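Labels run A, B, C and D following the written order; every chain starts at residue 1.
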Amino acid sequence: MAAERRRGMIRALAAPLTLLGALSVLASGPAQAADPILQTEESDILKLQPGGPHRILVEDGVYRHSKDGRVYVVDTDSGKLLGMVQAAYNANVAADPAGRTFYVAETTWERGNRGKRHDMLVAYDPLTLEPTMDIDLPSRALVTPKKADLGVSADGHYVYVYDTSPTNSVHVVDTAKKAVVQTVDVPGCALVYPWGPSGFSSICGDGSLANVSLDASGKPSVTHSAPFFVPDRDPVFEHSPKIAASGHVWFVSFSGLVYDAVLGTDVRIGKPWSLQEAAGLKPASDARAPFDVTWRPGGWQLAAVRARDSHLFVLMHNGTFWTHKEPGTEVWEVDLKTRKLVRRIRLAAPSTLVGITQDAASRVFVTDEAGDLIVLDGTTGKTVRPIRKLGESLIFTVAPGE
Amino acid sequence: MAAERRRGMIRALAAPLTLLGALSVLASGPAQAADPILQTEESDILKLQPGGPHRILVEDGVYRHSKDGRVYVVDTDSGKLLGMVQAAYNANVAADPAGRTFYVAETTWERGNRGKRHDMLVAYDPLTLEPTMDIDLPSRALVTPKKADLGVSADGHYVYVYDTSPTNSVHVVDTAKKAVVQTVDVPGCALVYPWGPSGFSSICGDGSLANVSLDASGKPSVTHSAPFFVPDRDPVFEHSPKIAASGHVWFVSFSGLVYDAVLGTDVRIGKPWSLQEAAGLKPASDARAPFDVTWRPGGWQLAAVRARDSHLFVLMHNGTFWTHKEPGTEVWEVDLKTRKLVRRIRLAAPSTLVGITQDAASRVFVTDEAGDLIVLDGTTGKTVRPIRKLGESLIFTVAPGE
Amino acid sequence: MASPETGRGATGRQDGFDRVAERLTRRLAGRSSRRSALARLGAWAAAIPAFPLLPVWRGEARAAAPVTPAPSPFAAKAQVKDDTKCDYWRYCAIDGNLCTTCGGGVHSCPPGTRPSPTSWIGTCFNPQDRRSYLIAYRDCCGQDSCNEENCLGTDGDLPTYRPQANNDIIWCFGTGSLLYNCSTAVIVGTAE
Amino acid sequence: MASPETGRGATGRQDGFDRVAERLTRRLAGRSSRRSALARLGAWAAAIPAFPLLPVWRGEARAAAPVTPAPSPFAAKAQVKDDTKCDYWRYCAIDGNLCTTCGGGVHSCPPGTRPSPTSWIGTCFNPQDRRSYLIAYRDCCGQDSCNEENCLGTDGDLPTYRPQANNDIIWCFGTGSLLYNCSTAVIVGTAE
């Protein structure tokens, strides 16, 4: 990492000697006349070098103390924490698809638990972790954080912030203007699944989608799909995985059905198929037969897609219906094209989270109750390294280009 | 506990039926014609009844997430948490000696980790836990909380807030006027040990005391004692125990010397005596012989005094000098009049905190790494009850009339 | 495009829940003097009654007199004696700290907090009288998370696009700050 | 009234520390162009150099050439190889998270944080060259507590009435918000 000058009074050492380097000089015999030993040091601030595909963001909701939520920047190759930024009170984080910045939506009250409320959208330089934008939002949805509460357009121009107060709406932030340029009402619908440079869809309470398209001036027009699922009977997970660039979402239902959807003004949704059938089991029951015990999807960020080979990684556990938040004891790797199970990865400890990197040597991430982040090999499913006690409530991961 | 009407729309039930009560009616045969079963309920807010001597305040610093520090109100007889209030970022809590209110000094920034800073002094009604005063202070010292950073005068009229920024000073809050009426500079000195209705002392870096007396208009006059200890060699603990009403402080030094001090304009300080000698051991070494291993005082709130019989309870551990923050494995009960050990109480787990209630059936409190609060009998030293996982970083206790 | 099933209101427990929720909504619309205030909280928030509207009187209850099997896995294991434990029958869809362990009660907020006028609704089965009740999980707000007994019931818990049945939302609208302290479980009616 | 011992400056390691601290103060007073800024931080804060003032050059160091026994219990057990562990020699008086585990280095703050211009000072013994060094524990500030490796060294730690030797204070003055993230351990001079 390169040291960088940040404050006039702090000068980076031009060629800093490490202590061990200095000591080895000392240990190897009489020091040379010009060599400093255990040179005095100056304080500096590290700046990150651009990261590879395995540098990820991890949101820690710190459920017991959610004022103090945070986003960790983690090098999953070395297992090192590279830095962190505040993500206060059911905050959310999303990355610019090109990796130029990442955004944190967060909330504070001026006197902690009282006083004026601030809902903020902050953009961070991913190398200095300094804010490059710090604006107030009209409001935002306060809910245990889900990725689909915050989205970035494919070209990074717009950030979409889901809001529930007073009405269901989406605030559109123009990242060039650093301002909210539009608030789109989505009555009866929720969440943000971006598609293309200026569109997003929301899921509606009747099982349909609302599809919002913004014109050049930011003015929205809305289309509605027909309902494609029955929320009371077998709702789709909010953390259904997507590929932002293509607007491709695989909606996974509580029972384990997969709806292959390509979002847009005219959304296309495929006929659902069963994860359990892909694994050679019977399809699972829905709410109409809640006692049936079988393998079912569940957790929080319960699924991730690797775009290059269209493989789905989904957390599964053995249980009845209405266990959709139970952590997974296995990750099932499923080929979305052939609709066949590739591998069942048994986890050492149940996980509420599965994440993935998009590169050739992809990594899969899971967590556990202790706040560990476990790095698995995306090809073999074997553990590469555990990162112990990274945080407390690891909610979701954001990997480059996902 | 009595239910109380707080908001127009929330009506307390005049005679709320408990569920179990209702169920027993149901289970005992056909219900009577006029009896409601599983009656619908209305939401209300509990108000505490006045508490006995065993209802205490416990400050939880939540070291890992100190924005979310809090003060718990605990009934140590039942082991129940009765409520909590915010105590943000190295906050402090102190009680009015008559128990009419308690004060929390705390700090926030408007945007969490950035924006305008607020240093606040909040007064709480001890039964409703609602603020009765919420004022901004010019500043306050930010330091891992110690009781002596905040004090209340013997009559409850003044609250003293220690500050270090920009200079060492004490802000005097008039609780009737709900305002800072005076800021007293105490250059080179620190902390607040109140005495009488309008005085306090601070410990100075040279081992002396500065004694501040406020006249009727709040104007301060200062006297200095001669130095009575050598800070580099054997400093006295900041959490030396005191009796607010009498201004009596027993300054305990790192090595285990006790300086019996009666604070005032003309402070009287007794010749020091050794806790170890009181227990039949040799006096312990100070910083000049740091390697000597013996029983030494240590911890955070490491000592408490029971005024009615002048017994000192002090956490002791076996160690070298410079282990003054090590948790105690024993509590030594020492008679301050006879200067003799009464009892050594072995703890199940090391504790950084010892607290005490002042009543005849007094209780002693200790903690452990898990955030438990353990209640001991103040007469026998035996465990009365553990209160498991009350919090995370239990820093100190405030008992009625201490 | 898949052909969606459109069987709402046909069969099953959730559908029963829906009918009752609609009934609540209608009553609220007809009766409440707080409509304008609630309207500010958004269309879906207004679907939830702010305070009990369905007193269950003995006569009415006896008229229904159902003896049904436990309708869900949670209900099959629930108990009725200890409201400080996660398996207490009313907590079938709770998510968070039990107010009964935080200085409050099963329908009472701890001192220094405020109950939310809005809530999510669960349908819980009481194994003692073998009836199902509508339970409003009203959050108590204004202090930080109390962190004593923490429970997660997911019976009938739906995603946030069905907010009235979602337990992830901070149900503290209209309480001052929306800081979440604990959750109560208030009986607001029968689900028959 | 007890007759106080007044032996400051006489013997012992702490007295040695004091002498060096006084020397630092004098140098600062004589040299620094930041006096007015530091004056605002209060008299005792000004006793701490804001940046290194005592480069230790080989010639000077060789002149002293002491080979001393470990002066403290911490020093007797300290190691010199791993600065991510609590027993690393420089951490004899540290209190908090090691910046080396938080994305920073032993004298570097993690990205997104700022080093405090003020600090507390410890005197730590390096068991490899058997010298004692003045270590400035500069906190990195502006983000919440990083909570990786947390250490408490108490060698020479004094109460807050001797603030320059106290590790409980949030040493974040002058850094914007005083939120504490982690602590560095910066060599600022020899203690001989």
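The working rule: a contact is a pair of C-beta atoms (placed from the backbone, for glycine too) under 8 Å apart; a residue touches a chain by one contact, two chains touch by 3 or more.
Note that the structure is predicted; figures quoted are calculated from it, not measured.
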In angstrom, rounded to a whole number, how far apart do the mean CA points of chain A and chain C lie? 30
Centroid distance [mean C-alpha coordinates] between chain C and chain B, Å: 39
Which whole number of Å gives the spacing of the CA centres of chain A and chain B? 42
Centroid distance [mean C-alpha coordinates] between chain D and chain C, Å: 56
Flagged in chain B as touching 2+ other chains are 64-68, 86, 113-115
When you check chain C against every other chain, which residues touch at least two of them? 143-145, 147
If each protein chain is taken as a node and each touching pair as an edge, is the resulting graph a line, ring, star, complete or other? other
Looking at the whole structure, which two-chain pairs count as touching? A-B, A-C, A-D, B-C, B-D
Residues on chain B engaged by chain A in the complex (per definition of touch): 62, 64-68, 86, 88, 106, 108, 110-116, 118, 120, 131, 134
Touching chain C in the complex: which residues of chain B? 3, 6-7, 9-11, 19-20, 23, 26-27, 31-48, 68, 70, 73, 80-86, 124, 127-130, 389, 391
For the complex, give me every residue of chain D touching chain B. 1-2, 4-8, 11-15, 17-18, 40-44, 71-74, 76, 142-145, 147, 152, 154-163, 166, 168-170, 172-173, 176-180
Which chain C residues qualify as touching chain B in the complex? 34, 50-52, 54-59, 61-62, 80-81, 83, 101-115, 117, 126, 128-129, 131, 133, 138, 140, 143-148, 181, 184, 186-189
Seen from chain A, its contact residues with chain C in the complex are 63-67, 89-90, 107, 109, 113-115, 117, 141-144, 146, 164-168, 187-191, 202-205, 207, 225-233, 235-238, 259, 268-272, 287-288, 290-291, 320-326
